[in-house]
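We call the chains A, B, C and D, going by the order they appear; numbering starts again at 1 in every chain.
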Amino acid sequence: MSPLRDRSQPAPGSDRVVDAAASGTAPLLAVRDLAVDFATDRGRVSAVRGVSFTLQAGQSLAILGESGSGKSVTGKALLGLIDPPGRVRGAIEFEGENIVGWDEARLNTVRGPGVSMVFQDSFDSLNPVYSVGSQVTELLRVRQGLDRRVARERAVALMRQVGIPAAEERLKDYPHQFSGGMRQRMCIALAIALRPRLLIADEPTTALDVTVQAGILRLVRQLQRETRMALIFVTHDLAVARLVASEVAVMYAGRIVERGGIDDIYRRPAHPYTRALLASQPDTARSWSDLRPIAGSPPDKAGIVPGCAFHPRCPIATDRCTTEEPDLRALSADRLSRCHHAEEVLDAAH
Amino acid sequence: MLIFLSRRLVSSVIALVGVVVVVFFLGRLTGSPAHLYLPQGASQEMADNFNRTHGFNDPLWQQFIRFVGDVAHLDFGTSIWQQRPALTAVTSVFPQTLLLAVVAMTLSIAVAAVLGCLAAARRFGPVDKLITFGSLACASIPDFWFALVGVLFLAVHLGVVPTSGQSDLSSWILPVATLMLAPVGVLTQVVRGAMIEALGSGYVQSARARGLAHRRLVYRHALRNAALPIISVAGDRAAGLVNGAVIVGTVFAWPGIGTVMVDAVLNRDFAVIQAGVFVIGLGIVLLNVLVDLTYAVADPRVRVS
Amino acid sequence: MNMAQELVAGATTAPPVDPGRRGSGRRRRTRLLLRSPLPLTAAIVLVAIMLVSLIAPAFIADAAQRQDLTQRLSPPFQLSDGFAFVLGGDTLGRPMLLQLVVATKTSLLIAALSVGLSALVGSAIGLISGYTGGWVDALIMRLSDIIHTLPSLLLALVILYVLSPSITNLIVVLALTRLPIYMRVARAQALEIRERVFVEASKALGSRPWRIMLRDIRPMVAPTVLTVAMLEVANVILQAAGLSFLGVGLQRPDVDLGIMVASGREYLSEAWFVTFFPGLLVVVIALAANILSNWLRAVDDPGQSALFVSRKSLRDEEVSR
Amino acid sequence: MLSTRRRPLAVAAGGIAVLLAAACSPGGDAQAGRTGGSAQTLTIAIPTDPTSLDPCDSQAADGVGTLRRNVTESLTDVDPGTGKVVPLLALSWRQENPTTWTFKLRPGVKFQDGTAFDAKAAAFNIKRTMQPDLGCLNLGNIPDPFTATAVDTTTLRVVTKGPDPILPLRIGWVDMVSPKTSMTAKTSHPVGTGPYTFVRRTPGTDMRFKRFDGYWGSKPQAREVRYVFRSEASVRAATAKTGEADIAVPIALQDATEDERTRSYTQSRVFFLRLDTDKPPLNDLRVRQAIGYAIDKKNIVTALMGRTGKPTDQMVAPTVNGYVTGYKGPAHDPAKAKALIGQAKSAGVDTGRRIELISRNTLFPGSSDVLQAIIQNLKDVGLDIKLTELDDNAYKDKIHATNSSGQPVSMMAVSHDNAFADASFSFPKYLSSSGTVSTIRDARLDSLLRQADVAAGGKRAQLYQRAARWAYERNGAIVPIAEQFSLLLLSKGVDYKPNGLTGIELPAAQVKLGR
């Protein structure tokens, strides 16, 4: 797919089917034909190439993909965090308003109480020169107009809520004095401090030990249930996604290649990429022979191949796959796949 | 932190004494300044006399031992030229230099902070390019040349500032501007770089994701972090200010350590040279301690480790 | 060096250069250079100045020194006296243009030699210091402190009065005063690299320390030192000019840009061009060198100070963030 | 990156505005230091801080007189117009016999510390100046120390070792300080009998005198005198142009104004080269003479020194009694110079050897250019000359190292003044075998100088002139280049007529402040 085509018209195979499926109540978030590209010295490079999906209040969606698949960029775009030389097109409707093109000040009304985000690197996400307490209270005082004392109480409550022991004493501590897990809990506390209706978590556990991961994931799920906020959980790990999300969108080369209920996809992937992804993960592989890395290397964003983006790495690719790009098709009411051979893959999973 | 500081302080002072020793021997290499202080046609007897009075004809090791003994109780000897204790000769003018340096550095940091932030906020834009080019140009101009052109233009042609000397506030403009030239050039680059890094960092990004206003991001979150490299480079540059003070002293006859040291070198006034080196060195050592302390205040990570 | 500097050394003075990408880096740099107008201009100007000043003096050295008192302070931009006098005549009626060419050669030579000398010696000492560690390191670093503590101009002043000014002494003094910079950069790099696995492996294989330093560490430190050295060229030219101003620079008839600016300054109000042109040339050379080295740092450390990189030439690292 | 916004720009602009405002706003004591001052203060910009503040070092006044005739006075002075010795603290004197003199001192004179000036004080001062331990620079003009005793309060008897016909002139180099001054250590707080009291010197910045109300003579106009040190020549001149100083002295040729505010004065100063005579190729007379022929004085001096120089063939100015009226030295003749060198060469002299031309940075403004031009001339006749400019200390070491075997062959650039206009302050030093800075070893010259030294009046002048002629024609170790004139610049409304003594004494009383 040439970048030119991206610019001139909506990408083919946009996910309108899902819109139709979800058209009961007004969705919390509706993303339409989201495309993000960046200017580089090698020309424009597309990171996200026409992503559409909707999310209902309280719903939890995992965006799954390798690094470079565009999943993180999608997450950032939802918060208006893409800066020049990046460019965002399409529509991001949050509570019915398209935030694409809004200026910072207007975006700031949504950021926080509307949408909030937890980043992968908790160490980098906290300002090293301020105590965690002051970072939380700053937010509460600035955004909610609380006075110093109330903000402090609320900060302690938040820290307790995210499971930080001895919260009161730790207010004065600096980020570097916290362990990785505790730091990520602090980040979560900050992210939920303004009671967002949508929380985007961008690989929040990737940098953590496995034992700590579980705690964070439990916390995220628990918070999501308690506060009834919607959740977009960006990860490369399907097993992790399964613990926190009910829906999953698999991204490859800037597009959603498969979408559906998480358990369903986990059991019966309908795209060869999803299947390969599952096989590459130790905890989903059923035996050593199943555990294998995906052949080939992730696509080079600057030069997308014609046809299906995955075909160079696809074990079942046919001639058609090298020339014709597949649409995201509905396989069932809640199942979408962008593969010419989706049915075969689905059947093979049985 | 305190242990670290005190250890550094001790080793710095040892280094400083080393400097003074090196300067001592360097000075002795030039030989006795007898001819400078004695009449034309002075007899050998007078020269010997002069050397005896000032201890120049003792064996070098004896001179050195005496010197070390004196320095141990901060006695740097008497200035041949000024006929008063060398340390007094230096300390009486050092505050002048210090004041000038502090003013110049403070203004440099302020100007650099403003320009650097501006450039960082408008990264790659024309404003950024202008500021970057300008700051590099600042760092590329010979300071004495700038000073002289300044005198010619501002003092002689326009008459808005005095040519030289220290009098009212306007007499500060040219010396301070001359001293600021290099630091502003370098610091603007540092501020810009540090701000770009800080603004692109995860904590600013995540603070932004929480909807904090841009101003707050720049001035509370980014600037405080960007201050760290600024502090250290500014500290480093402070030593260079003494170089500038020499130029400013020569061109503007600005009172201070610069002129005294140059005159001391010209007059072979070893006692003053040694005392001057010691005082300047001590000043810079203390400045480094101050920088470390400021750093510790600005960065909690340093404080704890 | 204080703690603060140690912490930020990587960020401000010594950008880490990924040694693994040196070969491809050079090509990439060339490619990027061709796309960035300002650094490209700076590079062209520098190369042109270098070529002219290296080749031309062989032909014009005599003409440049030839005095003609009738041309004393003859104004610039007049072709009636020949092209050599297009920038006017100096205080002894020597053609400014030719003097400038010869002076530039000397200045560049002094800068190159003293920067080379201090880079070589400084980084060697820094390497040894960083690699050896312990009391040797402490001693060497205090030594660096000693030199660094003294204002370079005063140090040079004292030394040059003792040694009497000459080109060799000037180069040595300039090299000496800039030594600590390289010592620190090389040491910091050596410290970091020392910890890397392959040096450990080398050690395990029984290599002698100097072999490790020479074969394994030196090639990785070199690029950083080079970048710093580039920046230093401008500084050294300026410093040499300052020394000429204080009367301890070169000795006529040897002529560098510094002595031209310095001796011409007395005629500032009467014949501006005698000091203006050499001054301008100092600024141009220093500025070009500054721009180039700034740009080099930017290329090697894009997040930091990508300065003259146009929006277009931003690297794709940004995309995957 | 964040998208751009107005706010940081506004903040930045505001910041700059504040800075500019702060930098430009006038201070509380604005203008206080701007003008040289009210009519009360006379401000004089001079190049450097005096090396010594002891009046017995006043001859090394670095080209500008400060203390003499302001803070201190001596027994006698010279009338700059006539060159005659005139009374100052001594009212009259008489030569009792060839080695004994009696001075009648001015009564009722007080030092600024209240001590009375009497014969005892004068004797104290003569003893102090002659004291070898003190190393007074003025001793350079007193080759043979003399002694003094007080006969009564106003009568002083001075005894010289040998006959010294110019003792009344020479004794002018003994500046009188209060007898409370240390005999063994130099002072940095001089107390004299002059119209001004020394207040303080701030090293590297300025020096202040204030009017002494107990002065015996008439009160000078300025209540205060302030010397400011401006080493950068253009800046020094600028201080008088802008009115920050009333007088800038000396100034460089290129800083001179066209109007009458720029005044020139002579210090009976001559710029010459002093050649080695003991090392090849300069040990050959022909080579030394060739140098005289090779240098195009007229052209160089006219072009480079302008009104500050006049080509001369003699090492003293016309005011000095050793000046030979009508004497013409070798004219510019490169062909002859080449021929002489050729002769020397064929006689086996190594004429290709490199000769060092040693000068000092501060010889005179623009000296470096003049020397380079001279070198060009010498190169043109086939000599190899290298310029070495030293600072004062190294230069003084070199000039005293006459004919020392370890040194490479050299010639020195010398700028020598003789304000008191007696050849004895010049010739013995440079021409006699025992001269401290002389490279000449010539018995005939020695004897002429010895005779001249003890002669007086017309005989003295005649003998000195014979010695001079002999040295110029038969020896060639001294190559005179130019008689020098100094320039000073007056601020608007200030009047001062410089004279032959300005270089060593600039009495503030002679300056008229217009304001």
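By our rule, contacts are C-beta pairs under 8 Å (C-beta built on N, C-alpha and C of every residue); 3 or more make two chains touch, one makes a residue touch a chain.
Predicted model only: the values in this text are computed from it and were never measured.
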Next item on the list: Return the chain pair with more inter-chain C-beta contacts, choosing between A-B and B-C.
Entry: B-C
Next item on the list: Please indicate the chain closest to the centre of the assembly, with centres calculated from CA atoms only.
Entry: B
Note to self: As a quick test, compute the distance in whole Å between the mean CA positions of chain A and chain B.
What the structure shows: 53
Notebook entry, point to check: Where the CA atoms of chain B average out and where those of chain C average out, how many Å apart are those spots?
Noted result: 21
Next item on the list: Would you mind pulling out the distance in Å between where the CA atoms of chain B average out and where those of chain D do?
Entry: 36
Notebook entry, point to check: From the C-alpha centre of chain A to that of chain D, how far is it in Å?
Noted result: 87
Check: Touching two or more other chains, which residues of chain D qualify?
Finding: 1-2, 5, 234, 391, 394
Item checked: For chain C, residues that touch 2 or more chains besides their own -> 161, 265, 268-269, 311
Notebook entry, point to check: Got the chain A residues that touch at least 2 other chains?
Noted result: 84, 104
Item checked: List of chain A residues in touch with chain B within their complex -> 79, 81, 104-105, 107-113, 116-117, 119, 121, 123-131, 138-139, 142-143, 174, 176-177, 187, 190-191, 193-194
Notebook entry, point to check: What does chain B use to touch chain D in their complex?
Noted result: 30-31, 33, 35-43, 45-46, 49-50, 53, 81-84, 89, 92-93, 107, 110-111, 113-115, 117-118, 121-123, 125, 127, 148, 151-152, 155-156, 159, 162-173, 176, 196, 199-200, 208, 214-215, 217-218, 249-253, 255-256, 259-260, 263, 266-268
Notebook entry, point to check: Okay, in this complex, where on chain C does chain B touch?
Noted result: 2-5, 7-8, 11-13, 38, 138, 142-143, 145-146, 148-154, 157-159, 161-162, 234, 238, 241-242, 245-246, 258, 261-262, 265, 268-269, 275, 279, 282-283, 286-287, 290-291, 294, 303-311
Notebook entry, point to check: If you look only at chain B, which of its residues touch chain C in the complex?
Noted result: 4, 8, 11-12, 14-16, 18-19, 22-23, 26-27, 29-30, 124, 129, 132-133, 136-137, 139-145, 148-149, 152, 156, 189-190, 192-194, 196-197, 200, 228-229, 231-233, 235-236, 239-240, 242-243, 246-247, 250, 261-262, 265, 273, 276-277, 280-281, 284-285, 288-289, 291-292, 294-295, 299, 302
Notebook entry, point to check: Can you name the residues of chain D that touch chain B in the complex?
Noted result: 1-2, 4-5, 7-9, 11-12, 15-16, 19, 23-27, 29-34, 48-49, 51-53, 59, 132-133, 135-141, 143, 185-188, 202-206, 228-232, 234-235, 238-239, 241-242, 244, 391-394, 396-397, 400, 429, 435-437
